[in-house]
Amino acid sequence: MTRRTNLWSVARALLLWVAALTVTLPLLWVALASFKSPAQLNDPGLVLFAPNLDNWARVLEAGVLDAAGRSAMVATITVAISVVAGSMGAYAISAYKTGGSATRFGILAAQVLPPAVLVFPFLTMAYALRLDTTYIPVIFAHLSFVLPVITWFLIGFFDAVPRSLEEQARVDGFSRFAAFRMVVLPQVLPGIGAAAIFGFTLSWNDMFYGLILAPTQETILPVAIAAFNTFRGVELGAMSAAIIIAVVPVVIASFFIQRRLVQGISGGAVKF
Amino acid sequence: MSTRRRGLLASMGLAAALALTISGCAGSGGVDAPDSSGLGDIPADTEGTVRILMESVPDTDIVVDLVASFNETYPGIEVEIETLAFDQMRDKLIASFQSSEPAYDLIVVDNPWMDDFVDAGFLEPLDARIDSTTDYQPEDFFQPLVDITEVEGVRYGVPFYNYALGYLYRTDLYDEAGMAVPNTLDELVANVQQLTTSDRAGIAMQPQRGYKIFEEWANWLFAAGGSIYDETGNPTLDTPEAAAALDAYIEAFTTAAPANSSNWAFDEAFRSVSSGQSASMISYNWNLPGLNDPDGASGELAGSFALAPMPGGKQVLGSWSWAIPANSAASDAAWAFAAWITSPAVDVERVVAGGAAIRESTLSNPTVLESGFGEDYYAAIIAILSDAAPLSQGLGGEEMIQAVGTELSEAVAGTKTVEEALADAQAAVERIQR
Amino acid sequence: MTSTMSFRWAMLAPVLTITGVAVGFPLGYALYLSLTDYRLTSRGAPNFIGLENYLFVLTDPRMWNAFSNTLAYVIVAVALQTVLGLTIALALQKQKWIRDLTRAMLLAPMFITPIAVGLTFRFLLNDQLGAIPAALRSIGISIDFFGPGNALMTLALIDVWQWTPFMVLLLLAGLESIPRQPIEAAKVDGASAWYTFRRVVLPLLTPVLTVAVLLRSLDALKVFEYVYATTRGGPGIETETIQYFTYQTGIQFFRLGEASAVAFVLLAIVMTLIVILFRRLQRSAPR
């Protein structure tokens, strides 16, 4: 019994180490590349060298930080709307099968359709409503795929919550909405956190809608990063620096979100 | 169950109806011409803002740096330049044409798009402006570049910069092997094979599917004595010359190109050459200053590169042109800028700063020869630009290039024989022309 | 009863309103375009041509090639991600040491815009400039990662690198929402770890697992950026995916009407598959 347990924990540690290395080594390569000169970039084995800050200067000058700010704003608004609307909708679908499969599957439609096809309808809408100088069209386009994903994401979590919990709350005098808000919602908090993180990445990473629908001159982050892929070659050093700028703050934020959530559940919500 | 299904149908019907009512919007973008004199000389006190969408490349950076100097002549014109990477820029440009509100006042157009944009009515004809601009000397532009701006005898643009190709090679390695620059396709294949060693490829090639492989192979086609179109504009891709060119291309790729490079594009090839892992490549003429720049990617190898026309003298031409969108809100101010930046005097400044050539006189200008990148380089560019042809003619240029590039890639990958691939390429171009 | 009804619909209203506008309108509009000869370079109102685009698209071997490429890509990528994601999530759940940091680190690939991931791997896997082929060469292996026969699988592996973290994120959250009680009970009964996992954890995790696979599949179906950043659909047409095909047709070649028809063919096929799969699931695992 103990030998098997030990074996399992060794295998588990090994697996996590391999996973961590697989994730970090390419990122480390990117981080190194951001400090390399164009000639040094041609040498993949080069690890020790005098760091060069030109790429970072170039990236800051190109306004990548502003672009990151715009992307963060768009993603935050998109996710906030999606989490509120999505958790309510997912609950209605999970608990009462409201709307039937038409709703359930219908909202996934935009998830399947290519952005190349949907973007022009969005653009027409933006022009017709004179919204083309605002971020509203981008946020709407992002909602078209973030909201369905978050809703579906949460249906599974609500499905896993025993109905008895809610019935008990109703017996205790909670209104329907209060039972949802105070009793059911805390149960799916890890799911909501994970859904929010994922929804954020979808919006944060989208290049195509942002390119076409964002106001002129106000580049969002993925477009700013893609701009280093020029006709005269990929500016690998600068692009690497931009990638680091895109990743580090989000990883830090997800670290705190996850810690909050894990504490959230272990701190009292579990009452089975 | 059936009620649910009916609900789904009903909601889809509703959405479709909604769409139909607004469908009037599709294609309603386009011409909405604001005030425009349509004439050449723009008064220096003209006021306005010129919003320009450009590709993020060094040639654009040079233009950006010249804006301050433009404002000394035209203090009332504000120039706002937005730069994007190639494909993003194209997508954004197409999208901007769908609006009746002007989004950009001046744009740059790549040669495969020219006919389609003109056909769609996106561009303002420029003949009157060009001919009535004082001291503009339009006859000084390299003729192949002007040809690209012309659709059915009307000019819709003025050249911004060329990206004609040529043969870039290491002079030290050629000297060492006692070889001369190739004059025929056979010599090219023999040379790159001879330059191949265990740790260095003779030629870094760019067989990536689509644009890249076609752009590279077409140079081989010209060197084999072939052509893309005949005199009447019909494709000539299933000729014996084309087969010889593709055979030679595949032979060089299998015997003298770097290992595992079947998806390489410009970037990989340039890095391979600049890091000394390949001895030569076929690429844009203006790569030479970059390769020979000691602060660039070549490091210690800088200075050992040279440029020559393709064997046989003819090569592929690409070209960007300045054009004024039909829905430009400031077409006079836009022309003021386009005419200024391409004027003989400013062109000298631009080329000295590293911009790619458009005018013949600039390349013989003493300032350029002295402070530019060397007389040999400019002589080679004059030779290249005097005999160069673009990949596509007429409508559907982009699709034609992609279709041929796909068939060529099939041949290199071995999924089609040379004959099959060329026959399919010929058929595809004929279909697109229809 | 009525109050229950109105409560349900009130809860659903925000989602329905937003998707009605953000999805319904573009969807309806694209459906209309798919019935016309609309080109991005055409002026004036497009002509209504009925099902012509659909007939053309359905008989176009290039469309079906793109479709089967995409399908192979999705199956390989999502299968690997599910297995890896579940294994890593289980391992992480038991982990005590620097757990939050490890979790946050493992999520990092998700936060990079896919085009940058594609470009990074294009160079990492480059035979002369990349670290991975250099390492493989030292043990005598030489692979043309983007060459004939390999390119599509390379792209699927890039997808695995970037999106296994999504599976980990979702499944870990799922594992943490599972009630402790049944697991404790199984332990008390002396069940083995494998038995507990197989008979207790996995069934409870099924709803989340299903959704994870579904969402990831739909997202993988949209693979475009990797193709765009690396192979451009080559060698030949080996990596031409449905999204790349639609992008080329609709935007690069201007034929938006035809591209919209491709999109709706795709939508019809995918929706049918999803509905069938879910019916099966509901029948085989009554809850």
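Every chain is named by a letter (A, B and C) in the order it is written, and numbering of its residues begins at 1.
The rule is short, and it goes like this: a contact is a pair of C-beta atoms (placed from the backbone, for glycine too) under 8 Å apart; a residue touches a chain by one contact, two chains touch by 3 or more.
Being a predicted model, the structure only gives us computed values, none of them experimental.
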item	value
Touch-based graph of the chains, sorted into line, ring, star, complete or other	complete
From subunit A, the most remote chain by mean C-alpha position	B
Interface with the most contact pairs, given as the two chains involved	A-C
Distance between the centres, which are taken as Cα means, of subunit B and subunit A, whole angstrom	37
Whole-Å gap between the CA centroids of subunit A and subunit C	14
Residues within subunit B bordering two or more other chains	11, 19, 22, 26, 91, 98, 271, 275
For subunit A, residues contacting two or more additional chains	41-42, 101, 106, 120-121, 124-125, 207-208, 226, 229, 234
Of all residues in subunit C, the ones touching two or more other chains	25, 27, 29, 33, 40, 129, 251
Partner subunit C, residues of subunit B touching it in the complex	11-12, 14-20, 22-24, 26-28, 30-31, 87, 90-91, 94, 97-98, 116-117, 119-122, 208-213, 258-263, 265, 268, 271-272, 275, 277, 396, 398-399, 402, 406, 409-410, 412-416
Sites on subunit B touched by subunit A in the complex	4-5, 7-8, 11, 19, 22, 25-26, 29, 51, 55-58, 80, 82-86, 88, 91-92, 95, 98-101, 103, 266-267, 270-271, 274-275, 290, 296-299
List of subunit C residues in touch with subunit A within their complex	3-4, 7-9, 11-12, 14-16, 18-19, 21-23, 25-27, 29-30, 33, 40, 84, 87-88, 91-92, 94-95, 100-116, 119-121, 123-124, 129-131, 134, 161, 165-166, 169-170, 172-174, 176-181, 193, 204, 207-212, 214-215, 218-219, 221-222, 224-225, 229, 242-243, 246-247, 250-251, 256, 259-260, 262-264, 266-267, 270-271, 274-275, 278, 287
Subunit C contact footprint on subunit A (complex, rising order)	8-9, 12, 15-16, 19-20, 22-24, 26-27, 29-30, 41-42, 44-45, 81, 84-86, 88-89, 91-93, 96, 98-99, 101, 103, 105-118, 120-122, 124-125, 140-141, 143-144, 147-149, 151-153, 155-157, 159-162, 176-177, 180, 187-188, 190-191, 193-194, 197-198, 201-202, 204-208, 221-222, 225-226, 229, 234, 236, 239-240, 242-243, 246-247, 250-252, 254-255, 258-259, 261-262, 265, 270, 272
Complex contact set, residues of subunit C against subunit B	24-25, 27-29, 31-33, 36, 38, 40-46, 126-129, 133, 142-148, 151, 228, 230-238, 248, 251-254
